[in-house]
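Chain lettering (A, B, C and D) follows the sequence in which the chains are written, and residue indices restart at 1 in each chain.
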Amino acid sequence: MSVQSEAGRQATAAPTASTAPIDAPAIELRGISKAFGPVQANKDISITVKKGTVHGIIGENGAGKSTLMSILYGFYKADAGTIHIKGQEVQIADSQAAISAGIGMVFQHFKLVENFTVLENVILGAEDGGLLKPSLAKARTLLKQLSDEYQLSVDPDALIEDLSVGHQQRVEILKALYRQADILILDEPTGVLTPAEADHLFRILEGLKEQGKTIILITHKLREIMEITDTVSVMRRGEMTATVQTADTTPEDLAELMVGRKVLLHVEKKPATPGAQILEIENLHVVDEQGVERVKGIDLHVRAGEILGICGVAGNGQTELLEVLGGYQNGTGTIRLNGEEIDLTGKNSDGQSRRARGISHVPEDRHDEGLILNFQAWENMVFGYHHAPEYQKNRFLMDNAAIKAMTQESMTKFDVRPPNPKLEAKSFSGGNQQKIVLAREIERNPDLLLIGQPTRGVDIGAIEFIHQQIVHLRDAGKAILLVSVELDEILSLSDRIAVMFDGKIMGERLPSETNEGELGLMMAGIAEENPGEAGQ
Amino acid sequence: DPAIIFDLGGKFDKSFNEAAFNGAERWAKETGGSYRDVELQSDAQREQYLRNFAEKGFNPIVMAGFSFATALETVAADFPDTKFAIIDMVVDAPNVRSVVFNEQEGSYLAGIAAAYAAKGDTVSFVGGMDIPLISKFACGYAEGFKSVKPEGKVIVNMTGTTPAAWNDPVKGGELTRAQKSAGSEVVFAAAGGTGLGVLQTAADEGMLSIGVDSNQNYLQPGSVLTSMVKRVDNAVYDAFTQGENLETGINVMGLSNDGVGVAMDEYNAALITPEMKAAIDEATAKIISGEVVVHDYMSDESCPAF
Amino acid sequence: MNKMPKWADAVLIPLISILLAFLLSGLVIMAIGKDPVMAIKTMVQGAFGNSNNIGYTLYYTTNFIFTGLSVAVAYHARLFNIGSEGQAALGGLGVALVCLYVPWPHWAIALPAAMIGGAVFGAAWAFIPAYLQAKRGSHIVITTIMFNFIGSALIGYILLNYLKVPGSMSTESARFGAGAHLPTFHEMLAPFGIEFNKNAPVNVSFLIALLAAVGFYFLIWRTRLGYEIRAYGQSETAAKYAGINPVRIVVIAMLISGALSGLMAINNVMGEAERLIDNAVEGAGFIGIAVALMGRNHPIGIVLAALLFGFLYQGGGELSFWESIPRELVVVIQALVIMFTGALDNMVRAPLEKLFIALNKKKEA
Amino acid sequence: MDYLTIIQILDSTVRLATPLLLTCLAGLFSERAGVVDIGLEGKLLAAAFLAGAAASVTGSIWIGLLAGVAGSLAFSMIHGLASITFKGDQLISGVALNFLAAGLTVVVGQSWFKLGGRTPSLPTDARFGEWNLPFSDALANVPFIGPLYHELISGHTALTYMALLAVPLSWWVLYRTRFGLRLRAVGENPSAVDTAGVSVVRLRFAALVIAGVLCGMAGTYLASLAAGFVKDMSAGRGYIALAALIFAKWRPWYALSATMLFGLLEAIGNRYQSITMGDFTIPVQFMQALPYILTVIILAGFVGKAIPPRAGGTPYVKER
């Protein structure tokens, strides 16, 4: 392992270029510092990125990666430090300056206007002249060229809110290219993508690199770092701890650099010992509010002590399946829990009654569903279970002291950092937020745990922990239904895998007997059901 | 020193309160005396301000508006040595002078004027907030009009049901236009600030209008037929002049003692025809003599002329 | 880690903001040719100088506590209830009906009944907008504005046609019976040998308002219902996930909000006027919006903000009484206070925050 | 109801709707840019006061218009300062501005004119005259179209025609220009605008400037129509315009229909104050509340969920 912790600082020593040398680095940040109030998000960070390379940045949640890149893009203003682009020092006071310096950025949370068309989003801020018509016409042709060139096809007249996340991301990339960016920053681009989409993205990035563009990639996925970056920087607590050549390092080393200790990159688990059937689903149909049928007749079962993993490209009905089971979406068909039928409509079909019957649910979207960001941790720790008798002081009042004590305990147990029940949920990093949700749902000791995208946007250290907890629960004899777009995760956690496509189950596989390639094909609706394998 | 409390409309309402204010000012100017005044913001202040004044030894204390009755009943009893005068309402206490006006009589004359001024047989009325006092004006007006044109029609509109109705000149204007298109030729406005919009619109639309409380003839010269003046100013002036020896009891201000009337001045001289004048004078005489009794809407909350 | 100590956030910032508001008000007073120092003296004296003035200040405060709490309950559910004005007016009708048609033997019996009357009528007036918002998505801001107008027309109609005393000039109901007379502070304090001005309108309702504030605290932060209201207010999707029924929460929050507004009537209608007057609410519903926002939707904040507005109302009234300053000046001062404490507080906060961070850094170093 | 009556009611509708329309469009620009504006009432009042004051002093309503617009603009800028620059609560700022206008107009008016906050009455030539469109008189007696043209289409003030023109203009600006695209974007997702290199602050202030100008016109219209300023003369029109805005789902053409509907309801209410049907008389109060009742019914039955601009009401905060 050849860590050049001093790489950044050495670069600083390079001659200050008033005349740009031909091979000047595409980007050079020197001594960047940034504080948000009392939080020092970036401390004296220096980094050099060569032209035409892919540079990865990794680090725990809250390490300051997004902040650093946002400074480069002029979204935040640094407290100290200078920015050099192609050897020239530039003042980046706002995003306009960054754009003119040839920088484009795809934010983790897309900066798109949801009810505008693709075309409108692309020209926003980069219009020619006061009237829209010529700009739109010009953008339309240019967009066509770009999408042909980089395989970035999107319907220019579609509304953003109607597009899949993957397509929205393409729009973000197109936005940058339309502005003739030759430095492209992507902040956790694959966090929300399906494996196929992620592959597609990487092909696009390869293409861009070949065109001589410089790419900075923030990600939590070491596999991606290893796959496509040329160099990688590691950040910890606001500081740049190392910059290495990707070829000279290993995922394990990177993980250790990030977290500061050895990290297990694969899940340790014993073989499952499935017991009685906990959940049985027969002929389940779900029609959403727009009248679109999302789930088209599903049969599934989950046994005690096993993890059933469901994979599929986002939007193929997995979300709705979880929602019906969790009680906030109506469906038709039969669902039995421990042999007893569950109401799918009417008074007893809501989340409260599901929870009362022993179904816990970690929702896919922790920000919009799993947590109330403005509530303190202890308030979030009973969210959905606030009617449970053990949290009531008397007929009228909740027992806040007991809830706080319980929260304190759970937070310690689940290693939530900082373990302070009185912090608001929004001030925890993504990984820690997820741990709060998990703690809440797992500590209820449910018969059935529904869990969607457990590790989205979460750093490796936290992923390791979360996976351990899920396996523990399984070993305690509980049934777990896991939905994830991460094939890695599905493969390493599940005892059985079902693939969903277009609202139906394409087939079931055992993890030992399948691979990413096969699952990927099934997710695309291509592979056929192999009757021999999954029936049991 | 005397003191006066104005009602919620404020002392510059161009009508009732302003008339009271003018009376006080006239007194101050003529006698060189000084007085204190205050405007209300809230209902609870009626009693508070009355007491404030009484405690500080102001005497007499005049209040413009019937709404003070309840407050005055308690305060008057607490300050037997202070004299009070209330306008528009009767409060039965030994140290209170109650000044009431026979608005219906003045309005009756206004109705006669309207009847003579109108070529056709439709005139109209715009009231402010929908309260009985305003209907009293309307009723007298209608009776006067019908005494000349028994088959004629009087359109009566109220601006609204909230105090905002006193200050919506735009709506007053619209009501006037609506009345015009329904055939009205003369509009009588008893509507505070809203009335200003009525008078204005009447002038714009080539109608005649009748002002209220104060003499408003000058506001739109040549278009305001007359104003039904209610000499609140005299009532205040009298009370201030009598000072601490204010005569208590009920003081009815009607046509007979110049308490109400229709204003004649240089601004409307051209509009007053001799026949009209004669009819007004005749009716005045008959009312004073008691030969004609104009119905008081407040007595039974109904109006035979509607 | 915190940018600022709690006390600075809770006390220092509002204080500086109020100071700024008064400074600017002083300039306005100077501009119309009066003496601002004198003015502030008059206001303070007029609001707190003697038990009579305190009594008036607290009387207004009581109104504002009720409407402030009302707006705040709804706000916790992210519902912007502009309809407190109308709900309080209807509450007045409820209280009046209860007081007029039952010959109450004693206020202690009349008060609970009147409270129910006011609360029910106020809640009823909030129900339709709530239901329409919950079920049909009709924007509650508009519907409550409309209901203010409709309510005032309705009250006018009922007063004029049913409740008015025949032959009386005023659009007001008959006086309530002696059994419905609420004890004023004078009567309440006399047994303890404390002399309180007998004419001040502040009455037992003030205590009810404080109780309501305490109840508000428990409701919002200690009960399941309050928890659900806040959760719904923060995130509808999350609330659904947790099995909280949005329709139920919207309707219940608005019913409570309306009931609190309606309760105000025990103060102004039953306690002070002892009869139903037209337009008895006099804008207290709108001031409630400012009180709730300034009080950060917390009962302590609301009570303090209500007291501030009570002070402005009473002190301002005295100011116009003694100094012949137009009464609208008080409205200007109110506006400035709302502006500085409510909308411009970042103007004060930002530099203070920087100051505290710098101080902290110095300490650490 | 005969034809002429209908024409007259519609004529009255146009007059009553004009200030609502201008105010509604003002709100539209502001809220489309993500700044909620319940201070419309206050701006209207401030503009009416300054317009009335300036016109009465100078004798020119055009100078009045300038003053009215300036006043309304000043209020807009205070709103911007509070809610954009200092990222304060937009609702509180709006409420404060409404109070401020209600108080300041009277205090200042009293100190200037000593008429209790009223301005002196405006003489006819210090008000907007009615514009008679070409051939209006000639066509007046032609059956059917004569009254329609003469009474309804012709004979309004310059501001009315400007208000009507403002509708297509607003539509064009919002949907066909760069400025409009950015303005709508900043009301939906300000960070998208920010990262596209456009200043959120500047855009929002620009929107508030437009809102200020439109509101200033509306206030001037009121002052001109009523020939002067009377305290509180906006009489809730700012709130009604806000209601109309939501009704109109924040769109210019819908705003025209919504304000015309409110105008129509009020015009009808003015004309038919009490209707007697057999023995039963519909009370005046009911007729006066009718526009509000109908609004609620329409809102409940036909409009359904109106989705406001997504970023509305929240200041754009990057760093906390």
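A few comments on the model shown:
Definition applied: a contact is a pair of C-beta atoms (placed from the backbone, for glycine too) under 8 Å apart; a residue touches a chain by one contact, two chains touch by 3 or more.
Just so you know, these numbers come straight off a predicted model, no measurement behind them.
The chain pair sharing the most C-beta contacts is C-D. Separation between the centroids of chain C and chain D, computed from CA atoms only, is 29 Å. The geometric centre of chain A is 46 Å away from that of chain D, both derived from CA atoms.
Note on chain placement: the centre of chain A and the centre of chain C lie 46 Å apart, centres being C-alpha means.
Each chain gets a centre from the mean of its Cα atoms; for chain A and chain B, those two points are 76 Å apart.
Contact with two or more other chains is made by residues 37 of chain A.
In chain B, the positions touching at least two other chains are 10, 130, 161. Counting partner chains per residue, chain C has residues 153, 156-157, 160, 326, 330 touching two or more of them.
Contacting chain pairs (ordered by label): A-C, A-D, B-C, B-D, C-D. Chain D meets chain C in the complex at residues 78, 81-83, 86-93, 95-100, 102-108, 110-111, 117, 231, 236, 239-240, 242-243, 246-247, 283, 285-286, 288-289, 292-293, 295-296, 299-301, 303-306. Of all residues in chain D, those touching chain B in their complex are 4-5, 8, 12, 15-16, 19, 110, 115-118, 121, 124, 222, 225-228, 230-233, 235-236, 266-267, 270-271, 273, 284-285, 288. Interface of chain B with chain C (complex): residues 10, 36-45, 47-49, 51-52, 66-67, 69-70, 78, 88-89, 130-133, 161-163, 298-301.
Per the touch definition, chain D reaches chain A in the complex via residues 175-182, 184-185, 188-189, 191-199, 310, 318-320. Those residues of chain C lying in contact with chain A across their complex are 1-3, 218, 221-224, 227-228, 230-231, 234-235, 237-238, 240-245, 353, 357, 360.
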